[in-house]
Amino acid sequence: MYRFGILGTGRIGEMHAKLVAAQPDAQVTWCYDIDLARAQNTADKYGAKASTDIDQLLAADDVDVVLIASPTNTHVELILKAAAAGKPILCEKPIDVDIFKVEECHQKLQSFNAHIQLGFNRRFDPSHRAVQQAVASGGVGPLELLVITSRDPGPPPPRAILEACGGLFRDTTIHDFDMARFVLAEEPVEIYVMASNRVDPIFAELNDVDTAMIIMRTASGALCHINNSRRTNYGYDQRVEAFGGEGMVRSNNHRPTEVSHYNDQGTAQREPLEHFFIERYRDAYEGEIRDFIDRLEAGQPPSVTFEDGRRALILAEAAIQSFKENRPITINYEH
Amino acid sequence: MYRFGILGTGRIGEMHAKLVAAQPDAQVTWCYDIDLARAQNTADKYGAKASTDIDQLLAADDVDVVLIASPTNTHVELILKAAAAGKPILCEKPIDVDIFKVEECHQKLQSFNAHIQLGFNRRFDPSHRAVQQAVASGGVGPLELLVITSRDPGPPPPRAILEACGGLFRDTTIHDFDMARFVLAEEPVEIYVMASNRVDPIFAELNDVDTAMIIMRTASGALCHINNSRRTNYGYDQRVEAFGGEGMVRSNNHRPTEVSHYNDQGTAQREPLEHFFIERYRDAYEGEIRDFIDRLEAGQPPSVTFEDGRRALILAEAAIQSFKENRPITINYEH
Amino acid sequence: MYRFGILGTGRIGEMHAKLVAAQPDAQVTWCYDIDLARAQNTADKYGAKASTDIDQLLAADDVDVVLIASPTNTHVELILKAAAAGKPILCEKPIDVDIFKVEECHQKLQSFNAHIQLGFNRRFDPSHRAVQQAVASGGVGPLELLVITSRDPGPPPPRAILEACGGLFRDTTIHDFDMARFVLAEEPVEIYVMASNRVDPIFAELNDVDTAMIIMRTASGALCHINNSRRTNYGYDQRVEAFGGEGMVRSNNHRPTEVSHYNDQGTAQREPLEHFFIERYRDAYEGEIRDFIDRLEAGQPPSVTFEDGRRALILAEAAIQSFKENRPITINYEH
Amino acid sequence: MYRFGILGTGRIGEMHAKLVAAQPDAQVTWCYDIDLARAQNTADKYGAKASTDIDQLLAADDVDVVLIASPTNTHVELILKAAAAGKPILCEKPIDVDIFKVEECHQKLQSFNAHIQLGFNRRFDPSHRAVQQAVASGGVGPLELLVITSRDPGPPPPRAILEACGGLFRDTTIHDFDMARFVLAEEPVEIYVMASNRVDPIFAELNDVDTAMIIMRTASGALCHINNSRRTNYGYDQRVEAFGGEGMVRSNNHRPTEVSHYNDQGTAQREPLEHFFIERYRDAYEGEIRDFIDRLEAGQPPSVTFEDGRRALILAEAAIQSFKENRPITINYEH
């Protein structure tokens, strides 16, 4: 039985706690949040203890692992404390929006033999994962074109979240950068970005963009396109298409049902797509927790690493630079 | 070059004339109709001669074959005249709505070595035909269930047409009976029908039905379902589904384009289905004419025979009897 | 918190226990089975007590409700005991394969004010339910044609199960009869069946059939077709199509992912359908339990009643009679 | 009746001649080719005259319009001659692979009031056109993302064709550039290209590429992505997806039938896509000819102009420059 300490019990932490509790070999024993009432609220649901003192939680003898779902700017501190305490860590993405803090964390982690899994949950989505596996097993031959469509539903998140999130590329596209690395099985070596403000004035006010197209190239010449929007009026549009010398495999969108409607206005109409990540990636989040536990149980290293988090952020940094300087950027993974 | 006499230049005859003219090895040379202006109108489009005298047309030395597209109650007379004149015949379905006239025609035809192809055009629809071929080649293993969905768009045809058409089973379902025989590759031996009046009062007034469900059985135990409606508000719904021990093959609906729409009302919405048989079965009608010509050219017998027309009508008669007597009817193909 | 006694801890009981345990307001407190080891095995997973004594379980002060998932031939006895003990009941379908036992149970239940929900789980499948709701809300206009495709994957169940199950119509089609009643919102008044043996010799040996087509009629003239097979090589084929004066709504098949494959053999290929009811109807089973709890909590009667179970069985009996006598049978719901 | 002179009777000229002949208000009266036998062969099919002398054809009194389908490097000369002769022109794309020749032709044409329609046939494809119309009518709100997938089937064309075609961007992508301009309803102002050699060594030998990804930006900030491959093993992959503030509209691939297959290997499998442009864009080529005739008849200017051909080629030139210099290129339409 893996006893989880949940660090951060906002909406994402709540979701993780529920999924942990649903595993036959896991339970939530502690909840930490800076807001005690919020920690207590989640704790009560699972018969767990609540605390606003991270050290108390890490010192407790009934916490085997921690799951970090607190605000992004606290991740590095919590990672380092948990690593120092010898707890295996499942940490939400991104590590931080500041690449320098990430690099510093990277250095400090050298002294611990930390088991850290980064929360790139989409790798565990059964549909996207099937694409990756088809590619990895040679199902499309040598991969040549990878097209990732990744469009959030609207309206935009609240201003406070947008201000803290690091902008489109570090907050949202980072998932797509990780998906690209996951499916390509090769590092992108160059990136170019076009982006604009089409959705809501708030993005321009924050010096951010809301609409973007990216292309990347790997050393072998495989090409990858990502397109993003911060507002989609038909749901959360999440597709991955891998094309190669022997075929194509696609991961298409998800809907709540398999119902289609026919009338004099049109045919085969289905409902809007599942609204957002909590619905669309529910299976992925559960798969992520299962993979975390299963690998701990098997004594294996995590399948998604701190380094994966660092590299995805480096791609986000390069995207920002490409956009600002309007030129292709060669990726340097060693800062 | 096959020189066609078109017998009957109403809407269906017009369509056939156009398709004949589009063949590189065929031309329309004569048009016959009881309405001279109508015959002339079609004839003018193709540089053909017009006549209201069928004997004149059959005696002309520039008519190689005839295509009968006149009202159903004239088919038998025209078939017999054309057969007597030694002209190969492509005749629209049904042969007649009166099985006794059909049987009598059958007898009289014994004295001619007539080449008659019945106009069950759907056998030449590329989609339905692919279903038949998949079944015939063993693609679904032994055929067990055949489901035919066949629903006309609305509103209902004009009263005069409904009065002359012989009712739902002889007019419309007859195509489905032929499709069943085509795909089953076995004769139905028993039939049962439930039907009702749900679409328009005119059907009840004419002692006809507008909504029907049929099941049939073959000697080997394969089962076939047909469902019909005289009014579909999303277009002309035409599907064939063949299920067997090793899989299923389906022929799905056709639309004018491959466009789909996504918005806050729904996703993947396509336009209504192609409206009716002239649009939906355009390729089938052309394939039918090609098959007719190609078999003449190759000296082969027609692929869809008078006997196919007779048997489909016998199924329609059995359907009517089943509906009237509310009991399953054993099919007797030898009257 | 609703404390469940699980009666019968075979494969279906196990599945239910897991779903009960996953509800925030329910827990498994007792497990009953004639095989103690089996009961204990399930009980251990949920911190529950195990017993082979049904009376002990029903007398326990920590059982609020019971869920009956034992073999069908024990349902009536357990229903009556639980009803006598005043426990709300969620009982797997069918009530029994013997209509006389069901009628007798019906009589005896008059003396209790029993809360019994019948396990027609498919009513809670989000896709089928959306069809029912679209019909109920007038989305297709007056319902005219209902087509239910319901084909089990193969190979056939073990002989012992087939011997006890009451045959295709009482065991499998009973779900489709309930679905028909659910969507039609009208009672079928007449039924006709064709069936055959095409799948495996065991069905003929047991005097059962493995392949069937059914048509039914309601008083208003709506028509319903059901087709069944005991073996489908592409998965569990479960579709519902409702057609009416203003359109059509369809519930299509479910697959584990949304992935499609393209290569030189074909395009848009998806994986086989979800294998069988435990996978395909997982959400439906969970929805059923939620509905059971929610209605208890709200003080409402169950949404699927003993009477629904009785009527579905009457349809199955009529189907068997129709098949044996090869004639349409008028349904008599009052035996 | 519009009497067509067909200039160039290779495979494309043949196809055009057949489509012209199928129009009720058009006929093929002259065929020109440098190979007399080839011209004669086509001419014979339509009762036309053949010539290797372009001046003879242009002087004939039974040529109303010309259709230029000769090799690309002859287009400019033929356009100028036909324009001088006052014949309306339908000319295959591209005008030329040499932008300087195109500009020079542009200058010379100033002295004629020439009616020239450029052969961007895809604008007349019913599916792509429906996308353009949905966008133009506001169906997706302000256009933000346009994704064009355009992948040729393999194997690559013969070396001689590849040597003369001007490379991927001038030969193939030029259609996509025109489609982008057609749907965007705004000029691209900047372009960036990544491309590679993944398909066949011949492309590298010819200093060409076979695999490419492009992004473009308009002045208003709409973004457009194009991806290309010279080899697709599942058919000719041609899709257009337009995304905006109020939804998305997509034009999906075409297949010869609507048949799908289900078995233990997979479900819903369809056949490979239609092979290549002659099959896939048959309706588009016919629509192009109809539009050409209809506008002549109505006294309207052509809907696709020489200037459209020039601008698409300028985009191709910018793409090549972007690829060679590995930087985004600002488009200058005024050379």
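Before moving on, here are some points about what is shown:
We just call them A, B, C and D in the order they show up, numbering each chain from 1.
The rule is short, and it goes like this: a contact is a pair of C-beta atoms (placed from the backbone, for glycine too) under 8 Å apart; a residue touches a chain by one contact, two chains touch by 3 or more.
Because the structure is predicted, anything quoted here is derived from the model rather than measured.
The most distant chain from subunit A is B, comparing centres defined as mean Cα coordinates. In terms of C-beta pairs in contact, the better-connected of the chain pairs A-B and A-D is A-D. Centres computed as Cα averages put subunit A at a distance of 57 Å from subunit B. Each chain gets one centre point, the mean of its Cα atoms, and the points for subunit A and subunit D are 42 Å apart. The residues of subunit C that reach two or more other chains are 233-234, 246-248, 253, 260-264, listed in rising order. Those residues of subunit A whose C-beta lies close enough to touch subunit C in the complex are 22, 24, 45, 126-127, 130-131, 134, 139-140, 246-254, 256-264. By the touch criterion stated above, subunit C contacts subunit B in their complex at residues 141-142, 144-145, 147, 149, 151, 190, 192, 194-199, 211-217, 221-225, 227, 229, 231-234, 237, 243, 245-248, 326-328.
Put simply, subunit C touches subunit D in their complex at residues 233-235, 253, 255, 260-273.
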